[in-house]
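So that you can tell them apart, the chains are marked A, B, C, D, E and F in the order they are listed, and the count of residues begins at 1 in each.
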Amino acid sequence: MKNKLFDIWDNNKASINAWLSIPNSFTAEAFGKMGWDSVTIDMQHGQNDYSTAIAMLQGLSNSDTVPMTRVPWNEPGIIMKMLDLGVQGIIAPMINNKADCEKFVSYCYYPPIGQRSFGPMRAQVAYGSDYYQHANKNIISLAMIETKEAVDNLDAILSVPNLTGIYIGPADMSSSYGLPPKFDVKEDPVFSNIKMIVNKARGKNKIAGIHNGSVKYLKEMIEIGFQFTSLLSDFRIMTSHAESLLKELKNVDTKSDNTSAY
Amino acid sequence: MKNKLFDIWDNNKASINAWLSIPNSFTAEAFGKMGWDSVTIDMQHGQNDYSTAIAMLQGLSNSDTVPMTRVPWNEPGIIMKMLDLGVQGIIAPMINNKADCEKFVSYCYYPPIGQRSFGPMRAQVAYGSDYYQHANKNIISLAMIETKEAVDNLDAILSVPNLTGIYIGPADMSSSYGLPPKFDVKEDPVFSNIKMIVNKARGKNKIAGIHNGSVKYLKEMIEIGFQFTSLLSDFRIMTSHAESLLKELKNVDTKSDNTSAY
Amino acid sequence: MKNKLFDIWDNNKASINAWLSIPNSFTAEAFGKMGWDSVTIDMQHGQNDYSTAIAMLQGLSNSDTVPMTRVPWNEPGIIMKMLDLGVQGIIAPMINNKADCEKFVSYCYYPPIGQRSFGPMRAQVAYGSDYYQHANKNIISLAMIETKEAVDNLDAILSVPNLTGIYIGPADMSSSYGLPPKFDVKEDPVFSNIKMIVNKARGKNKIAGIHNGSVKYLKEMIEIGFQFTSLLSDFRIMTSHAESLLKELKNVDTKSDNTSAY
Amino acid sequence: MKNKLFDIWDNNKASINAWLSIPNSFTAEAFGKMGWDSVTIDMQHGQNDYSTAIAMLQGLSNSDTVPMTRVPWNEPGIIMKMLDLGVQGIIAPMINNKADCEKFVSYCYYPPIGQRSFGPMRAQVAYGSDYYQHANKNIISLAMIETKEAVDNLDAILSVPNLTGIYIGPADMSSSYGLPPKFDVKEDPVFSNIKMIVNKARGKNKIAGIHNGSVKYLKEMIEIGFQFTSLLSDFRIMTSHAESLLKELKNVDTKSDNTSAY
Amino acid sequence: MKNKLFDIWDNNKASINAWLSIPNSFTAEAFGKMGWDSVTIDMQHGQNDYSTAIAMLQGLSNSDTVPMTRVPWNEPGIIMKMLDLGVQGIIAPMINNKADCEKFVSYCYYPPIGQRSFGPMRAQVAYGSDYYQHANKNIISLAMIETKEAVDNLDAILSVPNLTGIYIGPADMSSSYGLPPKFDVKEDPVFSNIKMIVNKARGKNKIAGIHNGSVKYLKEMIEIGFQFTSLLSDFRIMTSHAESLLKELKNVDTKSDNTSAY
Amino acid sequence: MKNKLFDIWDNNKASINAWLSIPNSFTAEAFGKMGWDSVTIDMQHGQNDYSTAIAMLQGLSNSDTVPMTRVPWNEPGIIMKMLDLGVQGIIAPMINNKADCEKFVSYCYYPPIGQRSFGPMRAQVAYGSDYYQHANKNIISLAMIETKEAVDNLDAILSVPNLTGIYIGPADMSSSYGLPPKFDVKEDPVFSNIKMIVNKARGKNKIAGIHNGSVKYLKEMIEIGFQFTSLLSDFRIMTSHAESLLKELKNVDTKSDNTSAY
């Protein structure tokens, strides 16, 4: 097991991440084969749960993409179960302060760093019987910064040892500051927060990540220093293109708004 | 999205709620079509979980019944996942004090009321892309009052802003007071609690709800002011009738007791 | 393995059969515990398939009810897979002539009687490693008589060796004769067919079975010689009772018609 | 139940059909909401089977799209099970001669037209208890013309009473004539067959349908008389757009070829 | 309901426990039939979750083995849901102090002992309508001792009333003390801890349990006083034997190490 | 796509095949990783069906084992669906004469060899967009010889062009000749049949395969010319070893007989 994203980041490059909301192992496998640097199974707002994630991760193992997950909440049971399945990175929502973050990091790593329990059934099958020796240095932990409280506690959160980095949820951060929730935010204070966060993160040698609603915005985010960048989701990509084709066929307006949700 | 139950309640009427313990989307769809004002998927004592609830909610959308759920516990991950799926009401078990209740309410509503995270994937498909604008005023939050501790803290619980109402669990309340757990309780102190609770709730403009084991008791509860009334469950309705038919065929006694569990 | 129904029939009594349309293992288990002589998983018009039947049969093994199935069609693959799972009886739809019936019987029994393939994985776990020795004499095969063609070929069908008996589908037989499809038929020629069939079957030492929509009609059918009698279905029992309770609560008419479909 | 496609066709217009290969109820629901005239669940080359189709059909009922299916083969068990679930149209692959076609039609319709067995469990819940009265005139039956043998037998196939129409599989027809399998064929003899078939079908008052790989080709097919036109599939729409976005991000070539398979 | 393990323990004997990591109801049923005193469904490191456990427990009911589970974490929602399904024992991971243990015990038992919520749907079907009367005295609660913190707090943990006993996780305890995680530990301080813990537990009339990687070590553990002893897992038993057979066939080395994980 | 078994056979060596009866993707993945030359998902007597096979095949793709399946019956729908999923070999049961065999071969190969329908969704994702060009020469077709009728028709069956080879089912062949069904047969006429079949097959340049119940017998079969050799099944390997360990622990007799069924 060698987590490819660390190589990308060590070369000061940005990685491109796909986002899976559809609980299906074949669509997961197809995304793995496309060439995304990593693919994240969204268990929070996507329709995935533990049982559906098993086969999705098996499908992702058919390529060299890095399998990750966003868990529904900062809860040890599900984080450890997903790591046992072989995910190489965890994104935890709503990490609002240092205590949240310390707990999160403790769930992701074996002692002495953390309190992860031992029993990596599929991880050993997928990565070999020496998985335990390599796990702690190959697991990515990303704390979501998506509320005013988290922004206010940013320095403390970034000070947590062994945290790999942070991941900005632009929709929730907007909502928290009283703005309509959406991706690709250019309005302050959210946009200035985004710029501030990436700078602070890099200053503390943490990876900065963000969710994006368009290729254009994603590229801008890479420009200003983000190194873990996600684009839309399998579901949005499918429905926006299907609606666009139907519009060509029927001359009707498309119905969805890609920037409004995963 | 317009939650029909608020209309019923605003007209000072009571709504009738069906209760689903069987994890099956077709039986859910059939209940939706019957004409119950709302249908609640029980994830606590019923055999439902997140994955099985997806299709059940799709089946319920084929009618104008209001889809609700009782979650297994007052835990933000599952509450927010169910809201994203499009449930219009959450019943949370074992809300025993004000702190429990404040957390519960915070999970159900977007800022500034609460801390619900944004990403209503199916809710937007089912209710339209303006779901976010209408969600906070259409989501029902019902805190279960089912222990002596909760009864003792009733005033504090009812004082929590934005809580829609309370829901009495007669079996657990009986158990908490040392009585055998059952529905349709007439014994004190549980019965007097029931009457006290409905009065206090209405006095604070909160909806009062209760689970019932018979049509007769349910009608009495409406008489004394309850406005959200559930009857038995899909499972109990099926097995009690099947046992009654088998008894006619075989002249044997029925085996189950409808008032003893969901 | 000892099929209890043969004992009932050898004592010249009738067995009472429950009918499962809902693909759920817990409702199956509950029906098993109630005391029906047999329980039939309907894979034709019910929503069951092979995968859902596995756990249903495990649930049924928790009682001494006889597990049976109606297969979707007279096709060897599914008949043999269900027998391997441990069902003790097969009902095959639309057996319209002797050739259909001979094929059906051949699928149900090991050589030299038939051509059933050996590999009773769950049957051996459930009934013991000597399952093979006892299978042929304990498996029930019931051919459905439900078209005019089948009625016309009745003598030939009843002449097939090792066929246990026949099972009348009153709704399809009505449809075949140009009558509206329903259970509990009293109209000729279907009703006179029913009486003729039970007499011919008994005359050839075959078991006669029929599906019924009410306790009253079922008892009449036993009176005239039927020995395998089914009543409604789990789904109809649940929905008819739920609609009746809702009617009491809301004073609205029930919506379904129990005699019109499984 | 009123099948909307007949209205479109009676007005001499063409209907636009979506194609589902992904076995997921939420993506199905999303396609239903988009506004396609019909949505077809592909059980032959798509990854759908009976169990996954149940919830997909429930999701499709949340809109007024017409739910259809392509079955894996011309087999009565699965055709009747899908009709019981409420599909309003069946596409059967590899109908190569008149006998195949007569069997196919007989499976789709109740007597006296065909031999469909009665037991429309979900169809009655979805469309009402009078489903039986309306089923025969609202079910669409489309026979796939996709081999040289079928082309040679076209007149005989089109002569089968109650067949709604035919559906051209351009990839298999190409393969049958020794050409590489693909959609949007312009090479003869397949292209001349396509033109010949639509003319013959319309001459016999049968609906002509075809699967298409692009908006442009689909519109040409409508021009020449096709009235049931499908476009790509959910899977192809998703992967082609995802690959195109990834190419923008990474400047790499896309990997798939939309015209090569569903 | 009568929990057979208490009889074994009351006779001062040790019980033998099987361990299920594979989420499959048929393999569960097969283990139940073999004759293990109890069978534990592992929801922490095994691939089981709530939905897959339903049928596994139904399969286990086909024998007189005692069904148990290890939950993913000390969380009330899942503990109570599993008890409602009819498990007769709960193993909770990472019980590190008295407060953890008191919470755990409170989740397992009805008032007045604990706060378990009433609604034992499957438990009543499986064990009878008097389940409530017998539940508290038949449920086993085992707290996992698997960290240095837990060892340090052992006396306080053992002092919790109504806790049935403790269960040692040798791999995690090794990891917590800086040793490589494995079963069948002979190295100090873990081995001396194991001996100390069994003595302290028995001195307080608590059952001591431990997970083992070989028959030999398990027998030694019984010798020194352990009364609840688990061996490997379904998955390890299958893969180690399959690898051994393949080695015989191919003369290659086996790949897995049975003592390294469940 | 390059089917590795053809290389082994071209070098005049025998391949070793694992057999999966348990419908689980993780156990499938584990077998793939062990080093078996091929792994066959048994859909006839194993508990697998189409839906469960999807993830199992994804798990198998994580190694270079050759994925195969035994279908429930010689039926085109399921054979083509499994090929679309990416299996590289089909074993068809009960091929008793030349007509059966010609149909079977026609289902496995694209025109002009056969009538396989085009739409290899997962096969293209797994093996590349040029899958069609390589499919016909890389798919293995094995006809099961397991009845007296098949033995009598052996020459005709072996004469079918493009058939890869035959596969002996020793249990069914025993049953067909009036012997108790089992593996590792040494009794005549079955044993002499086995020797005759391998010789005739090799004489016609067809691969000969057989199912075995022990390492010893399998090696003998390789000695006499079999080149495709299967051993027991995942289920038998697991249960026999588990029973053997339990016997060591409890000094009780094992219950199962490995040679009696898959």
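Points to keep in mind about this one:
Following the convention adopted for this analysis, contacts are C-beta pairs under 8 Å (C-beta built on N, C-alpha and C of every residue); 3 or more make two chains touch, one makes a residue touch a chain.
Quick caveat, the model's predicted, so the values are computed rather than measured.
The chains that touch both subunit D and subunit F are A, C.
Taking the definition of touch as given, a chain qualifies here only if it contacts subunit A and subunit C alike; those chains are B, D, E, F. Farthest chain from subunit A, judged by C-alpha centroids: C. Over half of the residue-numbered contact pairs of C-F are shared by just one pair in C-E, B-C or D-F, which is D-F. Distance from subunit F peaks, on a Cα-centroid basis, for B. Averaging Cα coordinates per chain places subunit A and subunit F 42 Å apart.
If you average the Cα atoms of subunit B and of subunit F, the two centres end up 52 Å apart. Separation between the centroids of subunit C and subunit D, computed from CA atoms only, is 34 Å. For subunit F, residues touching at least two other chains, in rising order: 23, 26, 30, 33, 47, 49, 51, 54, 75, 78, 121-122, 235, 255.
Pairwise chain contacts in this structure: A-B, A-D, A-E, A-F, B-C, B-D, B-E, C-D, C-E, C-F, D-F, E-F.
Subunit D makes touch with subunit B in their complex at residues 25-26, 29-30, 33, 54-55, 58-59, 61-62, 121-122, 125-126.
Every residue of subunit E that touches subunit B in the complex is listed here, in rising order: 49-51, 54, 75-78, 80-81, 84-85, 110-112, 115, 117-122, 124, 129, 132. Those residues of subunit A that touch subunit D in the shared complex are 16, 18, 22-24, 26-27, 30-31, 33-36, 47, 215, 218-219, 231-232, 234-235, 237-243, 245-246, 248-250, 252, 255. Contact residues of subunit A toward subunit B in the complex are 21, 23, 44-47, 49, 51-52, 71-73, 75, 78, 93-94, 146-147, 169, 171-172, 175-176, 178, 180-181, 235, 255-257, 260-262.
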